[in-house]
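In this document, chain identifiers A, B, C, D and E correspond to the written order of the chains, with residue numbering beginning at 1 in each.
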Amino acid sequence: MLVGKVTGNIVATQKTDTLDGFKLLLIEETDINGTGKGKFIVAVDTVGAGHDELVLYATGSSARLTPQTQNKPVDAVICGIVDSIEHNGKETFKKN
Amino acid sequence: MLVGKVTGNIVATQKTDTLDGFKLLLIEETDINGTGKGKFIVAVDTVGAGHDELVLYATGSSARLTPQTQNKPVDAVICGIVDSIEHNGKETFKKN
Amino acid sequence: MLVGKVTGNIVATQKTDTLDGFKLLLIEETDINGTGKGKFIVAVDTVGAGHDELVLYATGSSARLTPQTQNKPVDAVICGIVDSIEHNGKETFKKN
Amino acid sequence: MLVGKVTGNIVATQKTDTLDGFKLLLIEETDINGTGKGKFIVAVDTVGAGHDELVLYATGSSARLTPQTQNKPVDAVICGIVDSIEHNGKETFKKN
Amino acid sequence: MLVGKVTGNIVATQKTDTLDGFKLLLIEETDINGTGKGKFIVAVDTVGAGHDELVLYATGSSARLTPQTQNKPVDAVICGIVDSIEHNGKETFKKN
């Protein structure tokens, strides 16, 4: 999984039927301090992530292994909200 | 999923049987403003995307999870037409 | 799918049994003008592509979704021969 | 598989149900000497890897092929602890 | 598939049960002349590749499509030993 920040969302009214009802969030990949790298992906949210929250997301076929995304054309899914990141004994990120 | 712009198409009369009948669109990956990055992929269209439209596309095995592309050698599929992109509270792209 | 040019082939007499009989072509990824980028992949040919031809190839698990490559350790397959590429209303490549 | 070092962990109390109970380790990809490259991934641990240990990790759908990660939205799994790496006849890494 | 050279191996006594008995080879990706690019991957060997030999390897889920690697957390497998590479009518590599 990778760590990213929810920076916004995508509206797409015309889409494949099976994607109806999904919140499509814009995720910016971040480093271990939670700083954005300028690289974006659009992910389906399954955990109720909010704007500016740091999240864990899975990509590829593993993105279809949540109850909500099974058998759907989804290649990126938010599977957790990051509370904190510890790197070499130091906390590099902590959720407010 | 990634965001890209439909910039053209590919004609390939000689192809694997199971790809017959598909529109093969040329997609240029874009940033969150809809500006092309010079990186292209060929995707199957399942939503009737038109030239110059911004689209969402799924890659890898997830590209086979639409009714049209099931069990076909397709690794990129257009699954939505982007109406707007919001990033950090600002609209970075809006469809005309 | 990506666009590439057939530039040669690989001979490998000692290989996994299930790959016996496959033509293993050397493909150079190209831009939308058909110009090589210096990045190579080895793909199984299912459409009878010839030397110097521009082809469409699928990668990952989708490369196993042709009748010939099913259930085989193949991660790149040629699935079409490119006749022409149109980008922003201009023909950037046309097969001779 | 790739070689990386366990440099820390991620706490995410709010996550997809099926990820409950997993240790989510922060892995820094390394070169063949065990030196970090500054590129991180979050992986599920199935072998009891400890801090600072060099590990082998599998990514993509193969990360779901351990008894613990089957059918879960996991795209990176630690599948071994590296004792030593030999490159061109020299030992480039040996576990203390 | 990609072309790489066997430059060494990895010892990992503590690993996922299903990986027991596999030779884990260190592969350096090469160009079409067989020159290393400094990019390494660890692959399971299914063809008896020896040190310094040029090999073909498959990655991703396709690495599990050999009899030996089926249903195992393997994302890279050696599936052939390269005898020769021909590029634009010239032999760029020939096995001694």
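Here is the rule we use: a residue touches a chain if its C-beta (ideal position, glycine included) is under 8 Å from a C-beta of that chain, and two chains touch if they have at least 3 such contacts.
These numbers were taken from a predicted model, which means no experiment stands behind them.
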Centroid spacing, where centroids are CA-atom means, of chain A and chain E in whole angstrom: 33
Approximate Å spacing (C-alpha centroids) for the pair chain A, chain D: 20
Sequence positions of chain E contacting 2 or more other chains: 60-61, 63-64
Arrangement of touching chains [line / ring / star / complete / other]: ring
Chains in cyclic order, anchored at chain A, direction fixed by chain D: A, D, E, C, B
Touching residues on chain E, where the partner in the complex is chain D: 7-16, 18-19, 24, 26, 40-43, 60-61, 63-64, 71-76
Chain C residues touching chain B - in the complex, by the definition given at the top: 1-3, 31-32, 46-48, 56, 58-66, 77, 79-89, 92
